[in-house]
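Take this structure, written in structure tokens, and hold onto it; I'll ask about it next.
We just call them A, B, C and D in the order they show up, numbering each chain from 1.
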Amino acid sequence: MNDELEGHQVNTTTFRGLVPPVITPLTTDRQVDTASLERLVDRLITAGVDGLFALGSSGETVLLPDAARDLVLEVVIKTADGRVPVIAGAIEPATARVFERARQAERLGAHAIVTTAPFYVLVGPHEIERHFRTVAEAVELPLLAYDIPVCVRQKLSNELLLRLARDGVIAGVKDSSGDDVAFRQLLVDLRDAGVDDFAAFTGHEVMVDAMLLAGAAGSVPGLANVDPEGFVRLHRAVVSGDIAGARAEQERLTRLFKIVDAADPATAAGMTRGAGAFKTALQVLGVISTNAISLPLRPLDAAETARIHAILDSVGLI
Amino acid sequence: MNDELEGHQVNTTTFRGLVPPVITPLTTDRQVDTASLERLVDRLITAGVDGLFALGSSGETVLLPDAARDLVLEVVIKTADGRVPVIAGAIEPATARVFERARQAERLGAHAIVTTAPFYVLVGPHEIERHFRTVAEAVELPLLAYDIPVCVRQKLSNELLLRLARDGVIAGVKDSSGDDVAFRQLLVDLRDAGVDDFAAFTGHEVMVDAMLLAGAAGSVPGLANVDPEGFVRLHRAVVSGDIAGARAEQERLTRLFKIVDAADPATAAGMTRGAGAFKTALQVLGVISTNAISLPLRPLDAAETARIHAILDSVGLI
Amino acid sequence: MNDELEGHQVNTTTFRGLVPPVITPLTTDRQVDTASLERLVDRLITAGVDGLFALGSSGETVLLPDAARDLVLEVVIKTADGRVPVIAGAIEPATARVFERARQAERLGAHAIVTTAPFYVLVGPHEIERHFRTVAEAVELPLLAYDIPVCVRQKLSNELLLRLARDGVIAGVKDSSGDDVAFRQLLVDLRDAGVDDFAAFTGHEVMVDAMLLAGAAGSVPGLANVDPEGFVRLHRAVVSGDIAGARAEQERLTRLFKIVDAADPATAAGMTRGAGAFKTALQVLGVISTNAISLPLRPLDAAETARIHAILDSVGLI
Amino acid sequence: MNDELEGHQVNTTTFRGLVPPVITPLTTDRQVDTASLERLVDRLITAGVDGLFALGSSGETVLLPDAARDLVLEVVIKTADGRVPVIAGAIEPATARVFERARQAERLGAHAIVTTAPFYVLVGPHEIERHFRTVAEAVELPLLAYDIPVCVRQKLSNELLLRLARDGVIAGVKDSSGDDVAFRQLLVDLRDAGVDDFAAFTGHEVMVDAMLLAGAAGSVPGLANVDPEGFVRLHRAVVSGDIAGARAEQERLTRLFKIVDAADPATAAGMTRGAGAFKTALQVLGVISTNAISLPLRPLDAAETARIHAILDSVGLI
């Protein structure tokens, strides 16, 4: 346990609500920009988020050397200062490497660990299940599964998620699978199985209202880096039963999400367009100092930034 | 440059012939089994291979912690002792992490570096090209591209490979794409472009004769761990124009390759079946001490081992 | 126009609400079972559906010879008898063949045509757009696009759908893409573009409440063949603002949807499990006479039928 | 049996050698251009091909109405006049529709039938096997399997092909799978299983020499429409053991194959680029009258035609 957290009360056994995956600000020479990261984290917590997910996909975790990852986690935990729990990604191709990152996250004071199915290495359902079970045994913190087939090539089946949930192997899932049908079925299956305190989070920015209404524990939207207050309003509208208000806010955020189309598709793809847009928006908003991003991605240019500026303007953020 | 290599003559600018991707023997507690690795490397060189590819996919590179990777590379380079060049995999999701592994391989005395397109992180053609160009600038050793879409999700286009080859960014390619049509076209394109010394290697065990006849520089077959002498005979038959002999040897090796079907598909998939079978065969042959394999893979069991034993027997290896 | 429809008032320009894709009952020798089809259609209309989609994927349209398709459409239109509009699938690999089926549907008295992107033939975005535009020019009835990448390999992009909607080429879309994120974005895009009367239907049984709340025009759930009254209740709950009631009904239907898992995965896949389960449930419920299905699919067996019986029982349908 | 064929001797039980998939010439209003088709067929037979495959993928079979398909088959069979066997595609999404096309091909005098796995309809291995077995029972002519996963989404496994071959269900396979590794393994498996007269054809234009050397029965290259004499020379070189000559001819044909890159990728994809290029080359060579192609494909334009002209020139065809 990190010394800074002593005396603070963080509920480390349940995770609910709005938990943004924190992007990793960089300096122009692609080192971690700790001052910007502190500002970003403070802004998120001030806006009212319920937790932070550090070192996730949008946090460029697989692009960062270990030393940079350690620094990111230290800064996020220190800045959060126990106000909200910090969930740390331990995202590596296979089990032994995940052990290393998970234990380091434990040492640095994280409150939970998130890991994906193995990637690069070709595996099937038995290997995936062995992976999660072995990692859970090796770490003391709660373990959440990260379902992101677009990155790891395989979807975690509901059958597997349900079995791991019932056996207490995983405390939750972040669903970035793109398969809302399966997620909806999972929510019903969990209820029918009597698994009550499972943290089923949607990672889909434009489906937060629907999934909260359907019983999701919370959301992990990358876009909340840019507009945390909007997502806080959305969560509160759903909780208070203001369906029309939730839908209106959700639609506003759906329009904001078009910043991920700002980069020129002729020269930018994938994460350049996604995390690259979030960073550029945060730079435009004055939260972080540069929109630098890890190689081989490139920062958005002036024309692309102008498009993002216009969208921020249109949804009332500027 | 590693001290052990001083005084030895290794041609580090061209790579040709049979270059097996060396598997990584483990002890039963999943530590690098250096004694077995030394035996394996010695056996390969004695059989007549032209080079060694350490820390490739079959070498479990993405499953190993950095300390284990360093140890593997040290043992392979020390055991090779300059008799053949050692190509080292620097296989990480993105650029900065590849830098770290590539520089470490340089320090340890490797003769060339192999890297893939980025993985996990979503990228497009521009990001992939920037990745290879940036890595090539950062390392002094020759760089080879590893085309393995089944692991990284994207095929390297012939257009990109040709451009990188012409610009001197890459010195060769290991083709594990499964797309022999594209590889064949690449060989013609390279010739037409006047790129003469490009190391175009096929990674497909059962197509070595065809691809050597078509003009490939060599092969990188995982199965050569098990039967290096067979692959040496195959290469020599093609070079000497003994087409019928080459085909007969190729077909024998194609039958041997059925060891990758030995593991029970109901409980084993992907690399458990592939590298797991190579390791089990090498254990049966007495080359390595155990068929232990990194988590979350599992070693083949007794029934599966018996199937492999029978195949080894049928092709005359026992 | 079919004589039987004269004197009936069917609004053929807007399509909203619950429009089940009607399955095609067969006799044991795999001929269209017209008596069962009449019973099925009558039951759907009596339950309160707003329209019928004949000759869709669940209707086995691509498995039926043309004569059988004509018979199905005739029976559905005659039985509907103008009480609800009938939308007819014209689903063929490419344009000229779609013309033939669309014109036949016009002759037989359908109120709208549904077609997919081309399939089998390899095409890109330009060919897909030309396909929809040419078909729309060739038919007088409203044209709906059917977005079903799992069958045709390509998703219809929101950019294309929006352009076709604005240009009046298509009057709606049935979304069976599995990509609810894109569908949600489309709903917002349509509104922002001022396209008001576009029939955006979700085809996902377990997301009907969420998508109606998000502004979808209606749903086309295959499962409504089995429990039309449940889906009618669901639609009405959403329209009346009874969110809790809608969610409860949606979850009941999500449990019912588990009938598609009843067939043994060791010997049945894909449509055998889907349409095969719908047919078996309808046979158990006494609506159709057999659960026969077109070759190469197989009807569910006694053990599989027992599982479906138990599920029907558990949700109160028996 | 077609009357025209009486008195001619065609061996209908074995199929070997060069069997081009005949493209379907169209008039500018997209009707079958029978005069051009007769010239094309005559040119192929005069060049020395061993058989003809009518109504395959490059023949636009899934894009043509049934009446056009019948006309194509009649013209091909009548023009071949028993000089070489004619294999007819019966390519439809599912079994009953394949029956219809296969029986019509029998009536029109074809010598064998080719069919694919089901498409559009979702199926698994059991449904695919039932499809081939049921079709084979329903037709008297030899049945060949067409393995083309890029169009039907699933590869025919070697296990399935071998079982169907051993049971006499299929007389051969046209491999357009892109998976030459699997095809090579199949050739070895067939030999080991003692299946001697199986017609294993490669459909890959640039791998014909390699696959003939590996024991393939023949090739079905679309490009042979354009340069039948080149492919005849290639086949003869392999048969006569002139490996260097075969490779030189193969490389010339690989260069010619670049005509499929002539169409502008910004406005043309898939079959527009493939069959569209073959047709344009044949028009340039004066064999067919127009390069018209079925909707939604488009004919290549003047600039694209000029690129094809230059390639034809560079390989000595003009």
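Everything below uses one rule, namely that a residue touches a chain if its C-beta (ideal position, glycine included) is under 8 Å from a C-beta of that chain, and two chains touch if they have at least 3 such contacts.
Fair warning: this is a prediction, and the values are worked out from it, not measured in the lab.
Enquirer: Need the CA-centroid distance for the pair chain B / chain C, whole Å please.
Expert: Chain centroid spacing, chain B to chain C, equals 50 Å.
Enquirer: Just give me the whole-number Å value for how far the CA centre of chain B lies from that of chain D.
Expert: 36
Enquirer: Residues of chain D touching 2+ other chains?
Expert: In chain D, nothing touches at least two other chains.
Enquirer: Connecting every touching chain pair, does the picture come out as line, ring, star, complete or other?
Expert: Shape of the chain contacts: a ring, since each chain touches exactly two and the loop closes.
Enquirer: For this structure, enumerate the chain pairs that meet the touch criterion.
Expert: By the stated definition, chains touch in these pairs: A-B, A-C, B-D, C-D.
Enquirer: With touch defined as at the start, can you tell me which chain A residues reach chain C in the complex?
Expert: Going by the criterion above, the answer is residues 178-181, 184-185, 188, 191-192, 204, 206-207, 209-211, 213-215, 241, 243, 247, 250-251, 254-255, 257.
Enquirer: What does chain D use to touch chain C in their complex?
Expert: The contact residues of chain D facing chain C are 30, 57, 60, 62-65, 91, 93-97, 100, 118-128, 130-131, 134, 150-153, 267-272, 274, 294-298.
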